[in-house]
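The structure is given below, and queries will be raised subsequently.
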Amino acid sequence: MARVSTPGEEMYALVERMYPLCRSITGDGVRATLDIVGEYIPLQRHEVPTGTRVLDWTVPQEWNIRDAYVADATGRRVVDFAASSLHVLGYSVPVQRTMPLSELRAHLHTLPEHPTWVPYRTSYYRPDWGFCLAQETLDALPDGDYEVRIDSTLADGHLSYAEHVVPGQVSDEVIVSSHVCHPSLANDNLAGIAVATYLARALAEGTPYYTYRFLFAPGTIGAITWLARNAERVERVRHGLVLACAGDSGQLTYKRSRRGDAGIDRVMQHVLGASGRPHRVTEFTPYGYDERQFCSPGFDLGVGSLSRTPYAGYPEYHTSADDLGFVSPEAMADTLAVCREAFAVLDRDRAYVNLSPYGEPQLGRRGLYDALGGRSDAKEAQMAMLWVLSLSDGEHGLLDVAERSGLPFATVAAAADALHGAGLIKA
Amino acid sequence: MARVSTPGEEMYALVERMYPLCRSITGDGVRATLDIVGEYIPLQRHEVPTGTRVLDWTVPQEWNIRDAYVADATGRRVVDFAASSLHVLGYSVPVQRTMPLSELRAHLHTLPEHPTWVPYRTSYYRPDWGFCLAQETLDALPDGDYEVRIDSTLADGHLSYAEHVVPGQVSDEVIVSSHVCHPSLANDNLAGIAVATYLARALAEGTPYYTYRFLFAPGTIGAITWLARNAERVERVRHGLVLACAGDSGQLTYKRSRRGDAGIDRVMQHVLGASGRPHRVTEFTPYGYDERQFCSPGFDLGVGSLSRTPYAGYPEYHTSADDLGFVSPEAMADTLAVCREAFAVLDRDRAYVNLSPYGEPQLGRRGLYDALGGRSDAKEAQMAMLWVLSLSDGEHGLLDVAERSGLPFATVAAAADALHGAGLIKA
Amino acid sequence: MARVSTPGEEMYALVERMYPLCRSITGDGVRATLDIVGEYIPLQRHEVPTGTRVLDWTVPQEWNIRDAYVADATGRRVVDFAASSLHVLGYSVPVQRTMPLSELRAHLHTLPEHPTWVPYRTSYYRPDWGFCLAQETLDALPDGDYEVRIDSTLADGHLSYAEHVVPGQVSDEVIVSSHVCHPSLANDNLAGIAVATYLARALAEGTPYYTYRFLFAPGTIGAITWLARNAERVERVRHGLVLACAGDSGQLTYKRSRRGDAGIDRVMQHVLGASGRPHRVTEFTPYGYDERQFCSPGFDLGVGSLSRTPYAGYPEYHTSADDLGFVSPEAMADTLAVCREAFAVLDRDRAYVNLSPYGEPQLGRRGLYDALGGRSDAKEAQMAMLWVLSLSDGEHGLLDVAERSGLPFATVAAAADALHGAGLIKA
C-alpha cells in the first residue's frame, strides 16, 4: 500500500530539487529556483532592471555562468564547477588564462581547518574572480601551469524575486522572507524556502485575519529592492519573520526584532516556551539575514528571524558540508510546526473591551458558569473567562491574558469567543 | 486572680459564637451573624429587596431553612441539618419526598478523597436541592427508600449587609471587606470577620488619617450590591483589603490588587518583609473573594487580599474539617497584628516637599543635627532626616524613603515629623 | 641613570607636601594647601567673607591656630598640636586654663577600640574646644592638674576655595570636586586632591568636548558656597564626580548620583565593568561627601562619587592611622587611570542620527566594508559600524551601542568616526 508522504518528506524533496542549481543575487539560477517553488504555490514574479536605484543601492549587473574550471597541464579538471556550484567565487568575472600555481593561489579559497570542505565565497560589488576548493585538493596540486577558465557573463539584465500572498480579513500584513541567493547550500537557505512554501500552503487552508506575504528574494539587495518598491505596503506590515537555516538538527533559535518586544517577539517566545521544546531566544543584532533591512532604523519593522542553528553558528555554515545530509525532513517539519503554532497565536491575538466592566457580569445567567458553587476546582475554561474579562480594557491582548494567567492561548481564545458570543466583550 | 483575655482569645470566642449559624447569601443566618458582630462594634445595617438590580446582577430571593434531613425506613435521620449547617446544599428548594437511594444519589455530595469530611456546596442561581455528607456515611447506607425533607423557603425578601465606619481626618476611604455568607466554616470566613471586627476596634482608638469602612456582606452579590449602591463613595476609596481565611496555622499570604503596585500592595509587601515573618506575596488573579469585584476593570480599585493559607489552598477548604479546631487565637492575633502594622504605615505614608531643596538645610542650627562632627557613626535618626530631605520632591512618599534607605518606616516617619516641625518640609 | 618618576609617585609626593598642614573649613591651612596645588595647575582663587549668606547657610568665622597643647604639672606637653594637627578639635575656641584631669576629660576625645590612634573631631557650628589623643596616652596620664592652651582665633575673615578649568569645545560642564578641609588625613582627602590635580593635567593634554571644572573647596560649606555663587553655571553642569578617599589599597567604589542612571553613573559602571577590575557600584545615599549638595533635590545634578574604600568603610577612617602609609602611588595611579578612561567615554559619548536609515547603506561602495562576502567572521569594526547605524536614531548614544553590542567603546567610537567621515551619520 502506497504510503502518503509527510510534509517533512515533501519539503525535503523540494530541497533536493533546488540543491544543484547555481544561485546568486541575480541570474538564471534564481529564476529556475522560483520556477520550482511556483509549482507548489502561485508566485507573482518581478524582474527589476540593472541600474535601478533601490534605497541607497543600485541593482547590479546580472551574473550568469555556464562553465568554470581549473585544469592541469594534462587537461584534467582539478576544480570543476560542474561538480558543485560552490567551486566558483560568486559573481566571478570571466577569465581564460594559463598561469603558474604560484600566481593562481591568490584566487584560490580554501578552509585549512576543514581540509575536505569547499568554502562558499562571493565578490558581488568588487570585480574579481576565483575558485573555492578543498584544502586537500589544493595541497595535492603540483607546481606548474594551470588553465583557468570561467565562462560567466556580467551584463545588464535583471534582479529576480517573487511574492506569494495569502489574503486575509484585513489588509494589514505579515511578511515571511526567505533569501534565495545562495548556491548549493541545503540549510542556508533551501530549507528556509521549503518551510516558507509549506507554511504558505498551510495558511491558505483557512482565511487568516492578517494578509500574509511571502517574499522569495536574494539576500540584502532583494530585500532592499522590495522595500524600495513597496513604500506604501511597508506601512501596512504589522509583523514579519525571516526564515533561514531552517532544516538542521539543532534546536530552534528565535532572534528578536530590533524593537525587542514586537508582537512577533512576544508570540515566538511564548510559543517556543509553551511548546516545551529546547530553544534559544536571542537579542537582535544588526547582522544576519534580511531582518537587517526590515529592522533598519528607518523602517524598524517588527520582524524577527527563526532558524534552527543560526548563521555562522555551525562549522558547516557556508561550506560544502551544508549539503543534503545536513538537513532532515524531521527538522523542517518541526520548524514548520512551530511557525504554524506561532502564526495561529499571532493571527488570533487581539485586545478586547469588557462591556460589563463594573463588577463581574453574571456568567451563570448566560450559561457560561458552572452552576454548582462551592467547589474549589474552578475549571480552566471559567478561569479563562474571568481572566479575559479582567484584562479586557482595550490595552491587553489575548496573549497578555495567556501569559499573565498561565493558561494556554487556545483556552484563552476560546473564552474570548464565548464572551464575544454572549456580547460581554467587543474587539 | 482573673486573667485578662487576649485579643486572640476574644476573636476566637467571637468565632465560636458565630460558628453554629447557617449563613447563606441571604436570610436570617446572616442577620443573626451581624447581630453578634454588632455587639462588638456599632453597625449600620442594610436590607436590599429581592429583585433590586445591582450592576449586572439582581438581588435573589431570600432563603431560609428550618430543618432538613434524610431518614431511613425506620425514621432514623441518617443526614441531619441539625447536626451541621453544611449538610444541606445551600439555597436548596424545599422538598418532601420518599425515593430509593439509587434516585437520591444524584442529590448527594461527598468527598471520596476525604471519606469522613462533609463538603460545602451551594446552588444559588439554579434551583436545585441536595445534601452533603461524609463518603463513609453514604457507603454505610443500605439500598432502599429514604425520606428526604428540606423545610426551606425561597421567597421575596432582602439581602442583608452591614457597614462600620471609623471616621478619619479626610473623607478618602480605606475599605476592609469580609464575606459573611459561608455557613459553619471557621477559617472561611468567621476568622476574617473576627479579625476585621477587632481591627476596627483598634483603629477607633485613635483618629486615623483615612476614613476606614468595614464591610460585612455576602460574597460576590454583597460586594456587587455595595458597589452598585455607593457609586460616589467608590470614587473616594484609596485603598482596600479583603480579609479571608485569616485564622489557620499557615503563613500569611498577601494577594496583590489587579494594579499590582497599588499603595496597599506596596505597604503589605513592605510590612510583611520588614516583620521577618515567613509569608507569601502572590499576584492578582480574578478568582478568590471580593477583590474580584473591587478589582474588576471598571473599578480597578487598589484592593488586595490578606489570608493565611489562601482559598482552595488547604484540603480542609470548604469542608467540615474547616472547624473550630482549624483556627487558633494565636493565628488570628498574628493576622490582626500585621493588619495593624500595615494600616499604621498606609495611614502615615505621605509625600512631602522639601522647602529648602538647594543644598542641605543647616540642620545643626535648628537643633536637628549632632553638633560634634567627624564621627562616622551617623545616627539613624539623622540619616532618616537626610533621606526624607533628599526624596521629598513631592513624588516620593515616606514608604519610598523607608524602602530606598533601608530604615524602619517608624524612624522615617519620626524624621518627617521633626522636619515638618522645623518648617523644612510640607505635606 | 635617573629614573623618570611615575604619575603615581608624583601624586604621592604631592600628598606628602600637603600632609602636615592643619586644614579646616576656613583658615590659612586651606590657603597653604591651595598654594601647593597651584604649583601643579593654575587656580582661580576665591575668598568669601564671613557672614555671607550661601543658600541656607552662612559663611562662618575664619579659624586659625598657632599652637595648642596639654601640659602636665612639670610643663611637659602630653598632647601637642605641633606633633599632629589632629590633636586639636577642629574649630576649637581659644582656651588657656589649668584644670584637674577629671574636669579635662570632658574635652578629651579618644578611640578606645584603637588605643594607639588619634581620632579626628570637629565642632564647626557649636563653640567648643577639645583635644584628640590616643587612648593609651590618656590612660597613662596621672590625676592632677593640667595646663591646657589653644592659641586659636575665630574671627571675621574668609572662606577660601579654588577652581581650575580645562576649556572644552562646548560650554556644557563636567565638575570634579575634592574637599580640602580635612587636616592630616592622607586618604581623606589628600589623595583625592592629588588625583584631581593630575586628572586636570591629563585632560589639558587635548581639547575635550566638555569644559571640565575642578573644584577644591572645604566640604559641605564649600560646595554650598560654590553652588550659591554659580546659579547660572549650575545650569550648564551635565555631569560631575566627587573624588574622595582615592588612595587606599581597597577596590574602587563608585557611588551613583541621586538620579541613579545619570550619564556619569552609566559611564562609571561601564568602564569599571569593562576594565575587569574588582569594584563596587553602590546606590546613592544622602550621606558622604559633596555629592550630598550637588545631588540635593533642588539641584539633582548627575554627580556621583568615586572612592577606593568609601567613607567610614575602613577602621582608619578619620583617625591618625589614615597617614602617609595608608595610601600608595599605585592606588592613586589606578584611581587616576579609571578616571581618565571614564572621562574619555563620557567626553565621547554622543547620540548620532543615521542619515541613510532605510535599509543598510551600501558600505562597500564607500570603502567601509570587507569586499569579499560569504565569510562568517564579520570583523569587529564592521559589526561596530552596523551597530552604530542600527541604533543611531538620535536616542541612543555610543555608550548604548557599546553596551548593547558588547563591543568595546573605543571600537564603537572609531566606527562612528568612520561613518561620520562618510557622511552617513550626523551628531
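By written order: A, B and C. Residues from 1 in each chain.
By definition in this document, a contact is a pair of C-beta atoms (placed from the backbone, for glycine too) under 8 Å apart; a residue touches a chain by one contact, two chains touch by 3 or more.
Nothing here was measured: the structure is a model prediction, and the numbers come from that model.
Fitting subunit A to subunit C on CA positions gives a rotation angle of 120°, reported to the nearest 5. Because subunit A and subunit B carry the same sequence, their contact can be compared by residue number, and under half of the numbers here are used by both.
Each chain gets a centre from the mean of its Cα atoms; for subunit A and subunit B, those two points are 55 Å apart.
Residues of subunit C in contact with at least two other chains: none. Partner subunit C is touched in their complex by these residues of subunit B: 354, 356-362, 364-365, 371-378, 383, 386-387, 389-393, 404-405.
Residue ranges on subunit B touching subunit A, taken from their complex, read 55-57, 90, 119-126, 128, 220, 223-224, 227-228, 258, 283, 285-287, 292-293, 295-299, 311-312, 317-318.
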